[in-house]
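First chain A sits with chain B, and in the next complex the same chain sits with chain C.
Here is the complex of A and B:
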């Protein structure tokens, strides 16, 4: 098979707009204490608007880990966490943030030389957990609470697993409705908690306005992604990975509507002019698994070199305000609950499989890459079943390799190359058989 | 039938039940014509299932290497979840009629999803047990219990009354009380029973009818009491901690004792954690079971429960003092996230209290038994 290594991914230019917002957000966070803002640590789902309504800053554990890794500063905090006894098989987001938090609380040891981002994290005034489909999140936040001497108030929003009991399916059924009510009730308690932490009544007007922004951004992103059902696809999963920040920890941040509108416009323009994400798209791939943040550019070019567009993924397409129409900005709690309950990690296996099959059909998928993030067992728990059943039911071939979100020591680059090559070869053989 | 057996003979019987953990349940199914529900390891209201007239059993890790299961669950998941997936893939769980998964650990959630897929004819249920300890947690656990009760009633085609549940609670409380009496004896006379004996007692309790187990324990207890004063006590006093979900391997327990130690107490799931507290018999039953989940976690803290009012490291320090233990041996299943998150705190607490500890991270395949032996011997030697 001829491999054209010179081919590179044609990434969205407007994607860079998000960098400005990201920089503003971190600048604001780093200076939060100086400007009198309280700081809330969060993990899991995007709940920034709850804090923003109270003029509090928030730091999202996974987002922070990803940022530290994107700046190639993850090794020092991970080493510090490991030296303190945190096993390297623990969630690498958690280890990275724990290391940074311990730099803040315990100081930097003489034998480590962490970068500026890793040491800029302010200490928390409160911790809010909102984790779907993963026990790691609350356990991680509990560990953070202990690092800071068990003095930080902690609120855990329990997002109940949507198994699909008694015929309940995606956004339907008794189990779903019970779960929505349960989460809404917890959000009401979260609001009371934040009133106490911030020392002022909840600002509903601002919250509703922020949820209006969230709905707009969520809608724009879903519409832009759906334009990529076209062949060839004008943008790829790697572009959408970059666009996670505006719907995750940057949710409702000023400028996100404009930035996402620009992204959608560029995708539409590409579509109108026949410009594609990969120069000569022959294969359409689904990325199953969490993103590997320190390999994003490398992966994008790797697939482009094989004329393969990674068009969709469970990580990008089944979470982060993926059901924007359910949000009523006047009464936002139910819509937030639905988006969070029905996100990719929180669904029972039969629902997950059904959603994956729908996406595979909608995006004309030829093959699936299973990225088994070693320390994100929530994502990889259903990979083997999905590989077998999607092949059996839809004839979709797949490959898999181990990696990680922000710990590249779990990568074996040659193995990754071989596995991707093998998938492309089998897709080529399949196409040549007609 | 156990009255005429010696304590050693009874313990051998229990070891046989524990060694082939599903055989007694299968016999019971043949005898009774009733149904068996497998519980995916920790935190299940067995009493509620028992009240429906079915036999709940706690699924057990098998010591054999994982083979067929590799095709269904990644190798970087914990041994207990992989072992159960492996058993399902090999058809060894086909005797189950029902199956209950839980949400206390993501690896258990994923394992239950795979097992549900591998056993399509088995009724696949789920127990939602919200974590934490807030003002609303008790009520939320009651709701989870009501959901499970509804599903069990459908499964068993039987309405479960409060009296049924209360009756089951009494039977299970009796079992816990009897085992705690054995624990009391062992803490005073540690050489009376080996830790493998204790494991057999707990493990057999998890996989056979509790009524029958109670009968056995009622025979065993007086025989142990009669024997206790004739036992010579020697060895370094060790407290065993950890090993969630899966039983520690007998090989490891034997190595601890062969190294010159006696086990004076533990907080293992296949140990004191399983029987630490009774359920109140004077409350509305579901409210009592819910309270039990909160209370037992206060008494023997569990890292999966995310209750910041509890302090597992301090509990261990206190237990070491209570049992006059010299050393702490921590058995951690490889890839056990709840345990891994807590180890740094335990390490710090032990260092601060001046208590020596040894962490053994155990892979399911036990590929480093010689290393474990050397480490244990060197560790116990320190206290001699």
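Here is the complex of A and C:
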């Protein structure tokens, strides 16, 4: 049954290296205009190398929202966006960035007192949308365009669902191959768009070099995560959440290879020395749902208190260059398309279920926590079905609670506690049955 | 306190600090219910919990020091200082339901803030469970709000709804939106009994979804304050196509389960103390020690 005392998660120390990279990226971004760089707003999938190849700066909307929330500066921009008509039920990433963009364009109202990060966002010279599995994303960028008076060039890469039609499965089949070709054609057009915005021919040499870096970082991350198939796990889902930045908006940023190598080395060292992420691992949990960025430490310690390690998740393990071997740095567009098409949000239900079952088996999962983000229903659309089928097919029990990505007003702590504790008690009862 | 060999003077208590009510159950060493109490004052009211404890003790003719061990459950479970352990309502309802009806396989609990479905194994442990994800839709709070909107006593809504043969649909299960929908239905001229019947059907439809996630197996028991609403019980029976067993006092099942867990813990501790005593006796000759309290089981109440 649930323990009564508080315990702390043993988080990876090398995780802090990411902070240095994030700070460098941010300094570069806020000074971009001063150094003559164009700024591109992006949402959705990690496409930074396209802009980096042209020496342009980019702001990834969700990454930015997560950073503002991680610094606990999200309330003021969210309030401003709501005051301007962006309803509380809309994507909280979008509301956060919209508020920040409006601070930049309209100025800060007297009754709000936002933090420094929330007011430093530079205005965009272009917008590139690259959203899988979400219809809010393109509308978010449409709204950004309107905030800036519809003067911003905008390119929308459409990532079609991989539904699994006519026997098409994960990275296989006619539907998959057609989708890859469709996305590659759009990337070719995106390159032409960026040539116009930047005013110079696309720098293929630099792009290929950056995609070589992306492949290395992606591979290191996947190898490090796979070391956590060991029992007890040397690192947890909450460590991997911290490591999203180097494979998301920091993709191919200088220093990401070294940072991810350090993470892998630390995980290997822990494994060699029998050091675990949770001091007394009794249960292994799968986190299903998008991450809640302002609750990372809180959640990590909460599960540690229950002697439970969250070892894997759809968010961390099924996206962000999770298929690095498909990337050919000499001809990178196909590999980028594959990673983006086969990401966690873009798969039809049968493929999602198959991937989750595979991960649950590989990581010896005892239970699943379904986090239904209140303002990201596209992520939680299959939760009930997944809960039912993983229980029927694998005997895995689960619990679900509602929260959010970056709006913590949707959390009610005791409701979350009860649901997690009930799962732990249920798993204990299951173990006692043998 | 000392323990009689027949267990009749060994008492444990379960306390359910629920979102709307406080409940306490005291059982003896033979796991027989000695007394119980249910009090309602306000949301997760500590005062209601203490009143329930005091009343249960008074009915049993006991004082707090007579209780060997206490387990708490419910939303306020962590705030009860006299509890040695706390457990969620899921475990406690499963245990309590199994005690009253050992064959039970599915427990439906509609409480003040949560609704849950629990698959129970033959030992009274959780096999599987499903809960509402967060909001109070379809819970006791939902019924309270709508009863108030219709100006009907909560205790009357069950019987009243059975008088209806209309088929009114309430589409929203959000408490706030449902209130608006009820106001709209009243304005359209629908009768109170028809609206109440529609409410119960709406809750039953939602519960069917939770039951489906766990997989319903008969026999089914319903616990929590919702089980006292005969209109809701009948609507659920119709929707699920099963007969539902309702215990005599459905609101105390969580506290009863907690009391049974308390008995398990206390018995375990008592057994351990006795084993240690036996070991000590076998190791060293007994010494006369006037201040020794070895025979008094001072069980940890913190």
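Throughout what follows, the second predicted complex is superposed on the first by the 430 of 434 C-alpha atoms of A that agree within 3 Å, B and C clash if a C-alpha of one lies under 4 Å from a C-alpha of the other, contacts with A are read in each partner's own complex, and residues count from 1 in each chain.
As a convention for this text, a contact is a pair of C-beta atoms (placed from the backbone, for glycine too) under 8 Å apart; a residue touches a chain by one contact, two chains touch by 3 or more.
Source: prediction; values computed, not measured.
Novice: Considering only the touch criterion stated at the top, classify A:68 as touching first (chain B), second (chain C), both, or neither.
Specialist: Touch partners of A:68: none, neither chain B nor chain C.
Novice: Quick one: classify A:372 as touching chain B (first), chain C (second), both or neither.
Specialist: both
Novice: Should A:425 be classified as contacting the first partner (chain B), the second (chain C), both, or neither?
Specialist: It touches chain C, and chain B stays clear.
Novice: Regarding the shared-chain residue A:39, is it in contact with chain B (first), chain C (second), both, or neither?
Specialist: Neither: A:39 stays clear of chain B and chain C.
Novice: Between chain B and chain C, which makes contact with more of the residues in chain A?
Specialist: After superposition, B is the partner touching more of chain A.
Novice: Of the two partner chains, chain B (first) and chain C (second), which one does A:242 touch, if any: first, second, both, or neither?
Specialist: Neither partner.
Novice: Is A:211 in contact with chain B, with chain C, with both, or with neither (first, second, both, neither)?
Specialist: Once the two structures are laid over each other on A, A:211 reaches no partner at all.
Novice: Considering only the touch criterion stated at the top, classify A:384 as touching first (chain B), second (chain C), both, or neither.
Specialist: In the superposition, A:384 touches chain B and chain C alike.
Novice: Where does A:333 make contact in the superposed view: on chain B (first), on chain C (second), on both, or on neither?
Specialist: In the superposition, A:333 contacts neither chain B nor chain C.
Novice: Once the complexes are superposed, what residues of chain A are shared between the chain B interface and the chain C interface?
Specialist: On chain A, the residues that contact chain B in one structure and chain C in the other are 372, 384, 388, 402.
Novice: Would you tell me which residues of chain A are touching chain C in their complex?
Specialist: Against chain C, chain A makes touches at 1-2, 4, 372, 384, 387-388, 391-392, 397, 399-402, 412, 414-415, 418-419, 421-422, 425-426, 429-430, 432-433.
Novice: Quick one: which bits of chain B touch chain A in the complex? Just the residue numbers, please.
Specialist: Counting only chain B, the residues touching chain A are 71-74, 76-77, 101, 103-107, 109-111, 113-114, 116-117, 125-126, 128, 130-132, 134, 136, 140, 143, 147, 151, 303-304, 306, 308, 334-335, 337-338, 340-345, 347-348, 361.
Novice: Quick one: which bits of chain A touch chain B in the complex? Just the residue numbers, please.
Specialist: 84-87, 89-91, 94, 133-136, 138-140, 142-143, 145-146, 150, 154, 156, 158, 160-161, 163, 165-166, 178, 182, 185, 189, 348-349, 372, 374, 377-378, 380-385, 388, 402
Novice: Can you list the residues on chain C that touch chain A in the complex?
Specialist: Interface residues on chain C, with respect to chain A: 75, 78, 85-91, 113-114, 121, 123, 125-131, 133-135, 209, 212-213, 215.
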